[in-house]
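Take a look at these structures.
Presented sequentially are two complexes of subunit A, the first with subunit B as partner and the second with subunit C.
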Partner chain A sequence: MIGERWRIPLMLAPTLIIIVVLFFGSLGYGFLQSLGWQPNIGNTTFSLDAYATVLFSPEYREQFWSGLWLTIWVSLASTFISAALALMSALLLRQTFIGKKIATFLFQLNLPVPHLVIAIGMIFLFSQSGLAARAAAQLGMISTPNEFPVMLRDAGGVGIILAYLWKEVPFFGIVLLAILQSVGEDYEDLARSLGANRWQRFRHVILPLVMPGLLSSSIIVFAFTFGTYEVPKLLGVRFPEMLPVMALEFFLNPDLNARAEGMALSMIIAAITLLIVVAYMWAGNRAVQR
Partner chain B sequence: MTHVILSNLTKSFPGNPVAAVNTMNLDIPSGQLVAFLGPSGCGKTTTLKMIAGLITPTVGDITFDGASVLAVPPEKRGAVMVFQNYLLFPYMSVGQNVGFGLKMRGVEPKVIDRKVIEMLDLVKLPNIANRRPRQLSGGQQQRVALARALITEPKVLLLDEPLSNLDAHLRDEMRELILSIQRNLGVTMIFVTHDQEEAVLLANQIALIFDGVLQQYAAPDVFYRQPISERAARFFGGINFVPATRRGERLETAFGAFHVRTPGVENAPEGEVTLTIRPEQVVLNPADDENCTSGRIRSRIYVGTYTRYKIMIGDIEIEATRSGDIDHALNEGDAVRVGFPADRIWVVGRS
Partner chain C sequence: MTVRNRRPFFYLAVAVICILLVLPVITFMINAFAFRWFYPQFIPAEWSLQAWERLQLIPPEGERTLTNWLALLGSSDVIDALVVSLVIGVGVTLFSVVIGLPAARALGMHKFRGKRIVEFMILAPTIVPSIAFVLGLNINFIRWELSGSLFGVALVHLVPVMPYVVLTLSGVFANYNPDFEDQARTLGAGPLRTFWYVTLPAIFPGIVVAALFAFLVSWSQYLLTFLIGAGRVITLPILLFASASGGNNAVIAVMSLIFIAPAILTLLVTSRYLSGESGAVGGFGRI
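And then the complex of A and B:
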């Protein structure tokens, strides 16, 4: 007879097994490949050559480091701006106003739309041959669509950030709205009666109350934007290129030896994501406690 | 010490044809402890929040020491609320919670630390400034919430159901604490409650509110002796109500005529009225036959410190209580003389 104290661990076991096997299995296998271990093509020795190639070889060094800064910039900017916009929107959406239901519906409208569709939508709308450029030309604001400012496929990743904002603001928003609704407005009323002005209520009451949810959502968004390739592949430039796109190109290389570089790059992406997430959480918690 | 006056205070919410608070006039002298008493949804918390400035009145005025505060935002009004569920900030220590109001006013951290210690001593919780709210019991959290409000030296302290979440023992402790703080600091306090016992235990004056309308504003004992209406009497535990016709001091009922000479009854309604008397004032088998009638004991329930009798007088049921030990001479089915002392009977309008 199984004891009561084993009941819950056993009930959790199937889920945990799937997570652990998939996580450590794939991560472990990927790590081995990044060390050059590919028995199917006869490579059975271990080395750090793939890491050295990606990080320091003249062929990839510049591409890696410029891609790394672009990836960090795009992911941090997307996460931070999405979180800020979503928080402002959620604070407004929780209030009572005419058209609240419609506004809330529109706010969450693109949640089920895949990132790929968002990226293609951005091209249709904001490229120099897109709807906005043609409309501006028709209205006489610019003489030809080519004069439309470059918003997509720019070196600064603005197009990619815009696409992520379009998609991630509602994601943050739905989390924050749920938190704000569960917390209610009593804490703010209390702070107000204790003398807190509007900014102080935001800084000392709202922000600390939503921060746990905001940090968790930020980690999800940051990790996703740091590691995904669809949007940067469609909306980014060839140089600098975001790291996930660079990794994808190693994987798509017909030379199977390039798989090791792709895996090494993926491991580096995972490690950097982990480091930045830890730093982000530390900074967020410190900001709340001050 | 602030003198608070509510003048024609009214609050209507959009989409609701009935006003949540309707034309309320109330004079709360400085240093008083006043209870807003009424059932859930009667408008008492809405009134409290209007005084705090958290809800804007539709009509009417609120003055502190003669000056209208309607244009003063809540953060500058000096009317501090202590909420029913304490609302200690979970991400702050107890000390940070208590010092919150001073921090918002830009007071020096050293001064805040000193005052936090003073306030925690005042609420009899020394040496807990570094604890987290989750480490405290409900009673301790309530005291911390009180300290957090008092540290700002409010003009008016507003308490929302201050004892309702506490068990009987802690209620007594908290009641003593609130009363001693009120006596020592002399701050004007207004608290909201749906519990008449809580109101009677704490308040100098009670404002009884039904359906957004102030029914009666008086000292606690008045609600027992001279309730304004049958509903008010029932709210304070009144259960004996007999239809009567009043002509001056004479009250005619289905089971006889009675005299009424209770002080203040001259201002009570005449004509078709309701006679009411509290169960503890009904006298069984009195020595004197004045204001007496006959009945039969329908039931007798011993409740420890007193015995409750239900007596049928004709087809009207009257309840009487007798304190002390059970009286074995009064049994179910026995005939009994029932006395209504003339100075204990009260009269309210027929509802």
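And then the complex of A and C:
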């Protein structure tokens, strides 16, 4: 018989082996490589050269910092705008109305649709010969395709943000709808009977109720939009370029020295996401203690 | 309860939100059957199945005999990719549920030292972007000769899949009453029979949801397959991505439709299990 002492470790072992070897092992190996440790090409010493090159060398400095600001901008904008739009939608969809089932289904339709497909959908919708441009032409607002504003492959990342909105509004929405439905409307009715107007009920009743769920899903969305490759690759430009796309380009460069720089970039991406999560958990603990 | 809402503005707002959100899927349906859809036509003037024929998903017009339909099976890149995606997805699903079950039971039903660390480790891949670990993994998989194989790709898919399987199932075990298992044991059932006749039926709905999520997360992976598959494992997203950056719109639309079909079917099946609080919903953030 296996002793009771070993039961739980054995139950956890298969999953933990996968996660530790494939995930943490690779993360650690990538970190070593970003420090220049590449035994297969004879480098067994550690240095911060790759980080220095990416962050400060005249060759890559501008590319990196412009890319970092673009990535932060795109992630922040996508997270905030989709959270706000989702809150508005959830407040509408939680009501009882005819056709609620169909509306909820359509609202959730993009949830399982991969980001890659939504990005392609944005090309069909918002390119200069896309559906939006055709609608504008039919309405007589533009006469040739190039009069339609450039929304995809633009320096401000508008196309990338649009793709994230289409994906993340339903994601935030389903989280918010669940919270609103489980809480019910008793608190609002109470506030109403005490004389609170619509804005006051929203500001002092609904917002505090949904805030914890909204914040934790914002972290998931921010981290995801910060590190995704497909969407910026399809809808972004070469300069400024989002960090994940830049990291992969360095990594796939035939010059093996560029590989360390690609690793350094991917470590910077991971570090920033972790920093955000830790800050969120720290703030959460403080809020609980108060 | 709110009174039934009859304001026209309310319905207009709901309709605008829903229509805007489904527009990408609608454009795929239009593009997939459009023929010579020139700017500035809003609705295509001509419709055809030429993209489906070009991808060898249906035989050309006039030649739609049974032999020609069957001949497509070996000749279409899309069908080949579909099979590869399915094999990887089903393999990953089965394996992840089998190894995730005991872990979820330990986390859902037992208290032990270091539990928070274990939970943190299992959840870490849901936050850290794939690009951060796959570059290091890529080098090791080439060394271990796992790169470019179906097995290697399936193994890597386990990293984003495992957290959601364990999270969903541990939620199920947290509400599970093990007393019935003791009763079955007392009545003489062995561990296998107890699992099959007592445990499994009780947690089955949870297993279905976990399995569907595992499949969907694996099905939608692009970057991991691209780097570990090394151009030799061609799944649907690999094929779609390659043609997305400069192919025929109708062809791209047909492949997109085929790619999202299982996803939308899954939503239809699971929507009644879905609530924002179940851990599985986080999986949608990862697709």
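Methods note: the second predicted complex is superposed on the first by the 244 of 290 C-alpha atoms of A that agree within 3 Å, B and C clash if a C-alpha of one lies under 4 Å from a C-alpha of the other, contacts with A are read in each partner's own complex, and residues count from 1 in each chain.
Assume contacts are C-beta pairs under 8 Å (C-beta built on N, C-alpha and C of every residue); 3 or more make two chains touch, one makes a residue touch a chain.
Just so you know, these numbers come straight off a predicted model, no measurement behind them.
Partners subunit B and subunit C fit side by side in the overlay (superposition on subunit A).
Touch criterion met: A:G28 reaches subunit C, while subunit B stays clear of it.
In the superposition on chain A, A:N253 contacts neither subunit B nor subunit C.
Contacts of A:S47 after superposition: neither subunit B nor subunit C is touched.
Residue contacts after overlaying the shared chain place A:S193 against subunit B, while subunit C stays out of touching range. The vertex angle at subunit A, taken between the C-alpha centres of subunit B and subunit C once both structures are aligned on chain A, is 80 degrees to the nearest 10.
Applying the stated contact rule after C-alpha superposition, one finds that A:H204 touches subunit B and leaves subunit C untouched. Once the two structures are overlaid, the count of subunit A residues touched is higher for C than for its counterpart among subunit B and subunit C. Minimum C-alpha separation, subunit B to subunit C, in the superposed model: 7 Å. When the two complexes are laid over each other on chain A, subunit A has no residue in contact with both subunit B and subunit C.
By the touch rule above, subunit A contacts subunit B in their complex via residues 186-187, 189-197, 200, 204-205, 208-209, 211, 288-289.
Of all residues in subunit C, only 1-5, 10-11, 13-14, 17-19, 21-25, 27-28, 31, 39-42, 99-100, 102-103, 105-107, 110, 112, 118, 121-122, 124-140, 155-156, 158-159, 162, 166, 216, 219-220, 222-223, 237, 240-241, 244-245, 249, 252-253, 256, 259-260, 263-264, 266-267, 271, 274-277, 281-282, 284-287 touch subunit A in the complex they form.
Chain contact summary for the complex, subunit A toward subunit C: residues 8, 10-12, 14-16, 18-20, 22-31, 33, 89, 92-93, 95-98, 103, 105-125, 129-131, 133-135, 137-138, 145, 166, 168-171, 174-179, 182, 185, 213, 217, 219-221, 223-224, 226-230, 234, 244, 247-248, 251, 262-263, 266-267, 269-270, 273-274, 277. On the side of subunit B, the complex with subunit A involves touching residues 49, 52-54, 73-77, 79-81, 83, 85, 87, 89, 91, 100-101, 103-105, 148-149, 152, 158.
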